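What follows is a set of structures to go through.
Each of the next two complexes has chain A plus one more chain, namely chain B in the first and chain C in the second.
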Partner chain A sequence: MLQQTTFITMFVVILLVLGLVLFFKFTSASIDQEAYEYEFSQFQQLVHIFPSMPEVQCSKLGVTEDCMDVGKLKAFSEISRDYTTTFGAKTITIKEVYLSPFELTVYDGKPLEWEEERIVSTLVSLYYPEQKIYGIGKLEVRWYEGTN
Partner chain B sequence: MKGQTDLFGLLLIVLVLLFTGVIIIGILARGGEREDSTFLSTKANAMVSSLVKASSCERRLEDAMISCCENDLFCYQNGCAYLQDALLGVFEESGEEIGFSLTRDDGSECLAISRCSFGVSSSGFLLKTESGTYTAKVTLCTQE
Partner chain C sequence: MKRGMEDHFNWIFVMFAGAIFLAFLIGFGAKYIALKETGHNAEIARGVDLLFSGFGELTLYKNFSLEVPFTLTFTCDEFNVNHDVSMPLDEIVFAPSELNSDSIFVWAQSWNYPFDSGTFIYLINKDTTYTLYGDAIRLLELVPLPLRSQFVERDGDVAVFFGAPNLNVGGNIISIEDGPSGTVTFYGSEVKTSYHYGDLFILGAIFSQDYTRYDCNKEEAISRWNHLREIYFKKSGMLANFCSYQGIQTYLISPLDIPLVVKHLEEENSRLASCEVVF
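Our next item is the complex of A and B:
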């Protein structure tokens, strides 16, 4: 009888310890996963947020329009190094897919080493102020994961 | 004998906990899919807006869409043929599987470029003219 009680007590203690270890591992993995998902969602949303930045968005007399100004994009690409803390280890490129060929690396934060590369893209409206015409651009954001 | 009964009881509890865990993980995974669908829907809306606005033949693709629905010429060509060529070129260059539909307000189709079995569609972009209202939609293809 005593042996059985000891055995059951030990079994319960082992189960509890195992449960605690698994719980903490699961909680830790879950927090890591949530942090990653948040970062990934920020990365995905960048293709929608970037065209709305005042630095590149079309505007006329203070009224904004749903497009990206090519003149502003060219100017932004020259000072985009100042945005390293905002964009991090990513590259943002834009390529015309409808009118005459035009391609520009707007931001280049490509690190020397990375573990995984993720790409997200969308089509955006491009405005060429010199010709006063609208094209269609492919906005592509690359995220380099696992950088030091 | 009593110890064996206790063991079975504990085993049952562990199994119930595991089962509950699996159900919770399943629910969490479904939440992720919903977020992805929202992202694709926003992307499709941005795409249809950029297509409509694009300049073409000193006018806009929006005018080509209207010409297509009204069986008119656009840039000395059949409106629908011109529009289809332009859209297929854009979709090809974009490197993504994209579908497009243009319908009249009575539901009849002006042009449909169907390239996927499953997909996430944009909201309808309304093109209003004196003759009627036409709706342009973009569909981003998905696995299921």
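Our next item is the complex of A and C:
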């Protein structure tokens, strides 16, 4: 009788523990998933945020314009390693699609290893200050997930 | 005798098993509440982060409020919600090291020095008042109208002196050397002095109320500004085939006093109007 009670009690306790462990794993996973979804939405927003950064946005006599300055993009690409904490494991490239061929890796944070690669792109207006002409560029951001 | 012992043992066993069940239930409840709170705090943190990153280059004023009070703590690199969830801080946010309220004022102001140099975000607790001693009308005019009610004539939580401070007034005391640049002294448990580069920095010092919080943001702002200076220097080098950019280039790498450099940069850039301007 005592052995039976002990056995049943132990069984119920084990079920309870298992249930709790699963429940907490599920709840923690849903919190992590929400955090990931937020990070992903921030990544998607980057193609809209990056062109309006003062480091690359066109400006004339202090007035900003809705375009990316190719002169600033080239200069920024030379110092972009200082922006690792801002951009992390991503690469940002710009490619002219209308005028003469021009392609530039503006930021290169590509890690040695990653699990998944996400890509988001948009068309942007480019300004070439040397020639004083406007072109159309494809801004592409790649995010390398699962890096160590 | 044997039967009696068995009953006794049964009771002990039942109590032991009951205690384990109870401990599980209490543990479950506590852990569940903690997890739910973490989820809620993460949601607030994302809301605050979205608010900061959403300002971009805009000059805006917003009121961030929730139904329950929350605590925001700041370090140089991150902010934390309710001492639980932390997020990295990419923007320049002038705020006290700890804000505890159900509603905070958020004001974003773009910084042109003399080129677009990013945005300063100021966080103000609706329960904190400020008293400015000295000629501060110029500074008040910069502050959005809904925020001006935080500035009171006397006995504010933060006393700001433009010149020599009166250390007998209560609250946090800050003294500012007025001008395009100067010193900012915080009279806390220790007296510490930093520097400012104009009104937006002075406001940063007032709303930070604290040397460490102010100084790390000031350093970050100047570091970004130096990056922009380097970008414009390189850009002017690319344009040099068409015009002479020697004048502006001198100031883009000049180690001179920052406000002086800014004044010369503005002049040199305007002088380029017939050529391609640098910024």
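Brief remarks follow.
Convention: the second predicted complex is superposed on the first by the 125 of 148 C-alpha atoms of A that agree within 3 Å, B and C clash if a C-alpha of one lies under 4 Å from a C-alpha of the other, contacts with A are read in each partner's own complex, and residues count from 1 in each chain.
To be clear about the criterion, a residue touches a chain if its C-beta (ideal position, glycine included) is under 8 Å from a C-beta of that chain, and two chains touch if they have at least 3 such contacts.
This structure is a prediction, so every number in the text was calculated from the model and none was measured.
Considered on the superposed chain A, chain B and chain C are sterically compatible, since they fit side by side. With both structures placed on the common chain, the touch criterion links A:Ile49 to chain C but leaves chain B unconnected. In the superposed pair of complexes, A:Gln4 makes contact with chain B only, with no contact to chain C. Legend: residue contacts after superposition of the two complexes on their common chain; A:Cys67 is shown touching chain B, with no touch to chain C. Judged by the touch definition given at the top, the superposed model places A:Ala29 against neither chain B nor chain C. Of the two partners chain B and chain C, it is C that touches the larger number of chain A residues. In the superposition on chain A, A:Val21 makes contact with neither chain B nor chain C. When the shared chain is aligned, no partner comes close enough to touch A:Ile119: not chain B, not chain C.
In the superposition on chain A, A:Ile79 makes contact with chain C only, while chain B stays out of contact range.
Between chain B and chain C in the chain A overlay, the least Cα distance found is 14 Å. In the superposition on the C-alpha atoms of chain A, the part of chain A touched by chain B in one complex and by chain C in the other spans residues 45. Remark: chain B residues 2-3, 6-7, 10, 14, 32, 35, 39, 42-43, 46-47, 49-51, 53-55, 60, 86, 89-90, 93-96 touch chain A in the complex. Residue ranges of chain C in contact with chain A, taken from their complex: 6, 9-10, 13, 17, 20-21, 24, 28, 31-32, 35, 38-39, 42-43, 46, 53, 56-57, 88, 90, 112, 114-118, 227-228, 230-235, 238-239, 241-242, 269-270, 273, 276-277, 279. Only residues 4, 7-8, 11-12, 15, 37, 41, 44-45, 47-48, 51, 66-67, 95, 97-99, 121-125, 133-138 of chain A touch chain B when the two sit together in their complex.
Only residues 2, 5-6, 9, 13, 16-17, 20, 24, 27-28, 30-31, 34-35, 38, 42, 45, 49, 52, 54-55, 57, 59-62, 64, 69, 71-72, 74-76, 78-79, 82, 85-86, 129-130, 132 of chain A touch chain C when the two sit together in their complex.
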